[in-house]
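When the chains are written out, they are named A, B, C, D and E in that same order, and each has its own residue count from 1.
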Amino acid sequence: MADKRDFTGPLMKNGRTLILAYDQGLEHGPTADFDTRNVDPAFIVDTANRGGFSALALQKGTAEKYYDGRTPLILKLNGKSTLPKGEPLSRQHCSVKYAEKLGAKAVGYTIFLGSGYEHEMVKEWGAIQEEAHERGMCAVLWVYPRGAAVPPDTQPDIVAYAARAGLELGADIVKIKYSGDSASFSWAVKAAGKAKVVMSGGPKTATDEAFLSQVQGTIEAGGAGLAVGRNVWQHPEPLKMADSLKKIIFENKPVAQVVAATPR
Amino acid sequence: MADKRDFTGPLMKNGRTLILAYDQGLEHGPTADFDTRNVDPAFIVDTANRGGFSALALQKGTAEKYYDGRTPLILKLNGKSTLPKGEPLSRQHCSVKYAEKLGAKAVGYTIFLGSGYEHEMVKEWGAIQEEAHERGMCAVLWVYPRGAAVPPDTQPDIVAYAARAGLELGADIVKIKYSGDSASFSWAVKAAGKAKVVMSGGPKTATDEAFLSQVQGTIEAGGAGLAVGRNVWQHPEPLKMADSLKKIIFENKPVAQVVAATPR
Amino acid sequence: MADKRDFTGPLMKNGRTLILAYDQGLEHGPTADFDTRNVDPAFIVDTANRGGFSALALQKGTAEKYYDGRTPLILKLNGKSTLPKGEPLSRQHCSVKYAEKLGAKAVGYTIFLGSGYEHEMVKEWGAIQEEAHERGMCAVLWVYPRGAAVPPDTQPDIVAYAARAGLELGADIVKIKYSGDSASFSWAVKAAGKAKVVMSGGPKTATDEAFLSQVQGTIEAGGAGLAVGRNVWQHPEPLKMADSLKKIIFENKPVAQVVAATPR
Amino acid sequence: MADKRDFTGPLMKNGRTLILAYDQGLEHGPTADFDTRNVDPAFIVDTANRGGFSALALQKGTAEKYYDGRTPLILKLNGKSTLPKGEPLSRQHCSVKYAEKLGAKAVGYTIFLGSGYEHEMVKEWGAIQEEAHERGMCAVLWVYPRGAAVPPDTQPDIVAYAARAGLELGADIVKIKYSGDSASFSWAVKAAGKAKVVMSGGPKTATDEAFLSQVQGTIEAGGAGLAVGRNVWQHPEPLKMADSLKKIIFENKPVAQVVAATPR
Amino acid sequence: MADKRDFTGPLMKNGRTLILAYDQGLEHGPTADFDTRNVDPAFIVDTANRGGFSALALQKGTAEKYYDGRTPLILKLNGKSTLPKGEPLSRQHCSVKYAEKLGAKAVGYTIFLGSGYEHEMVKEWGAIQEEAHERGMCAVLWVYPRGAAVPPDTQPDIVAYAARAGLELGADIVKIKYSGDSASFSWAVKAAGKAKVVMSGGPKTATDEAFLSQVQGTIEAGGAGLAVGRNVWQHPEPLKMADSLKKIIFENKPVAQVVAATPR
């Protein structure tokens, strides 16, 4: 019979989580997403620590040179640049063992569901998931439907597919895009079953309310929380945004009340 | 001389078997096949237990989070989504060792016979089959002829080919599609020799009789039973359907008698 | 200096051999080659035993479920179906160690010389050959020139190429197609040097004489014998055909005399 | 928590470095870059030693046959010729262990960012980086954006992307092309964070001033130094050029002053 | 610091070598290159022994069945037939360990520089080279520029590129084609540095003088000698040709004098 341990413990508070994601330098390029402040990983590590984030997701090199052991670390084991065209494929550049040595409590991996190379990532992830659990580490799966044959990745059935793939492939936490409304997202959460669902923050929204409403929709749908990057560290006041997010995620406060409490 | 152990024991009763299959969340997507009831793996595990199924086939993550050790487990070691186009390829995401650790008595693997990647799956399966037998586990092979160059997969000679490939590649149980009638299916069963043949349930049929007749045809043809998903867990009364199936498979009852006994 | 052991011993009698081949179920499909009698591996094993064959070539699954340890076993380590189109590639599905465990005295492997994937098979075979010899097992190589760029595979220079590739790649026995006449086949035998050459039986011929003449041509050319399937087990009287073959191969009898002795 | 060791120590003096690169024989071919003097690796090793270079970058064979242990060695672990067309891919031909045995203090590896094979190099590098650090060796990454889909590789955002990829993938030192001016290059240096940035020397410039100005721009931008080949060993007086470079890199002297001091 | 052992010792006499190459059966096919005399490996082994050759290069199978331990053996670890079209790729079919067991003092490997699969061979060779040196064996690299994008392979700059690639990739001896004249070949020899250069014999020339002049040109250019097949074993008097070659290679005799001394 299966080991029924809950590997998500170190990243969760009462079943909820707020993850600061910072792998965009490799995934999108520094010029696309960074300014002179947030280009510095030290600023991000500090934001994670002071903002009370549940976890911090970093690539290998950033973790090795900047991580200070305070906020729980999710080490992203694979990555790619945005430059190659064709079917997306992101390969493992960090072993689970090395991630543990760098202090990680969890490992992260991206599968581009529907890519012509889906099979490569499914296979690579499979071995990662097993080793992570053998070392007592949480296995977090970014599931991004992407490829020439894939419908828009925020389409509700595609979002739910990503969530379900996360569950069946053994993710403890599955990070997926928001489907646009709480009702359709709740189907994705149901499809993920006992795998915890976190919404992927995505690009900076025009207003704080717009973003916070998505997060609230995620929580209402039964999601466990959020993995956010740009909407925090591109925000003029990252710690205030962090406070707003924590109120919605951990205290179930409505957006209107949260926004009123944090005027800008 | 070969080890003549029969590895199918834990999944069989008097040489017959009724397997509940539940990997469709990954293979087809949750929206295609599930409703709010059967999207929940707990419901499926419960159905398997209460319905007296011979075995339950799950992907790694579903087993790890839901399996309770009651119905014998077949762990599906490979899987793919329905999103990528091109020649089908499904790679291993779970080791035999991990499957055993999750409590499995058997491992399952899909080969898309005729795919341009057939060779990759033949090779991967080969190592799985050996390790399974070394651990005393049953090796179940889903053989699905599929690919641009492959004739319709319910064509009798193609069904028989799938069955024979299962035998020659070392499957203890081979799961194949129904060829449409008992006479042609009996050729597939003969081709499989001492490998046990189970019919693949396929999509929900319009009437119970239609499905039960296929199962009866399988049994009459010498098949060992059925691996069924949608025709049970999409059925309004899964346990009644399970009862009907058990009467046909284990008691050799004719469809007419079974249907009369279970009015809806 | 090299180990000069002769690994072919268990398969040879006075330097000659008659091998019963039975991997056509996977290679061609059961409907193409089998009837209700020869679809049954037990019939083939019995034919090998009673017909006094030097060896029996089986795929892993057939060996595991039917082999009885009487006729020496050649385990075919790779295989493919006839369904995929494009450049042919057949990958290893059985380890040398597992073959030994199944009771094999020899391992068999097919290389499609000239295929766009020739290199994959050359590499895979290389490791197999070494492990076989380390375990004291004979390494038998099926060399079939096949691929879009390959001339007809019974053309004498192509047959000789296959034979030579077998020698240089380390085969103890190389199985090749007949080149049509004894004179041209003797060049292939010369090219194979100390590697023993066996003719590949091919499809059932219209008359026994036609087939037996090819075998006689092989022996006259210096070949070691024959690996035959369909011309024996599709024959109405397999044991009589076996007797005819043994007279030609082991007693150097001419076809006319053999046919006269076994009227039908 | 991560190991915060600084692996760059043996290659650095006060945080600056001047590396002599000599892998052009394989990368470009000898006729493209060499004359009868610099074709001889002994001349290069001597130049590195007498010129006071911080490190010398060699391919495996050149190191094995010529390296004398005086200037710290960076062993280039992968390489390719310029002959194949299509998406660039350079694979590992030297293990980290062998590099260490050859006396290397650091290993070097090239990733063609944006290549259709980027993923292969990312994966291969990942394992190299870990083993290097486990052996206490510095991991130097050449990041060259190249491939059909990649913008010009001296475009500032592309240069900065290369730098950032180096940081996130775990490079201790990242070697990138110069972006044309100090202002834009300082963004690349910022993007690289705690990974040291060295400018890639590139082809021989028309005048010494042109090249020295680039180096000065790199230093002003916060770069750690230079990896130079042709602009030194194609120079009529390599040691004078080395002196000029050291003045700029280690003494922060302006180009005008350096050139005045070394008339030709 | 690197191990400065000279691994070429067993193949050299005063820094010169004369290698008998015999892998053409696999590389070109027996009908293309052989007659009834030289198709027999025993004849070749005898020729090597009696002709006083410095070394004999064989594929695995030929060595295993014919090698007698007298002339030092170079085991060719990879090989391909001439049948597949498309970018050339030759994969390893013999391990270094097995080569040593067969009595080899050296291993040989072919890289098709410029092939679309160059990277596969560079990688495979890299591991071979290291293991060979760890076992104290010489590593001989055949560098043949070949592929759709490659200029004619006897063009001087391409020949020099092959030589240099051999050096940088760690070959102890590099076998390259002759560039047509001694002057241009001396550039290739220079490019190879401390790697010994042997000329590849190529097809039988119309006259002995034509071939011997190439060899003399190689020696004058600083080359270490010759790896010859067809110009010896297709010669009516192989031992006389061997004598002529030895006079040129080991005694620096001019062609005119050598030819006068061996009238035909």
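Everything that follows uses one rule, which is that a residue touches a chain if its C-beta (ideal position, glycine included) is under 8 Å from a C-beta of that chain, and two chains touch if they have at least 3 such contacts.
Not measured: the values here are computed from a predicted model.
> Touching both chain B and chain C: give me those chains, sorted by label.
Both chain B and chain C are touched by no common chain, going by the contact rule given at the top.
> On Cα atoms, by how many degrees is chain D rotated relative to chain E, nearest 5?
Between chain D and chain E the superposing rotation measures out at 70 degrees.
> Need the CA-centroid distance for the pair chain A / chain C, whole Å please.
Measuring from centre to centre gives 57 Å for this pair.
> Express in whole angstrom the distance between the two chain centres, defined as the mean CA positions of chain C and chain E.
Centre separation, chain C to chain E: 35 Å.
> What positions in chain C touch 2 or more of the other chains?
Correct list: empty.
> Chain touch graph shape: choose line, ring, star, complete or other and state it.
ring
> Write down the ring's chain sequence, where chain C leads and chain E follows directly.
Traversing the ring with chain C first and chain E second gives C, E, D, A, B.
> In the complex of these two chains, what residues of chain D are touching chain E?
Within the complex, chain D touches chain E at residues 23, 25-26, 29-32, 34, 36, 39-41, 59-69, 78-81, 83-86, 89-95, 98, 101-103.
> Looking at the complex, which residues from chain E come into contact with chain D?
It comes out as residues 1-4, 113-116, 118-120, 122-123, 125-127, 129-130, 145, 147-150, 156-157, 160-161, 163-171, 187, 190-191, 193-195.
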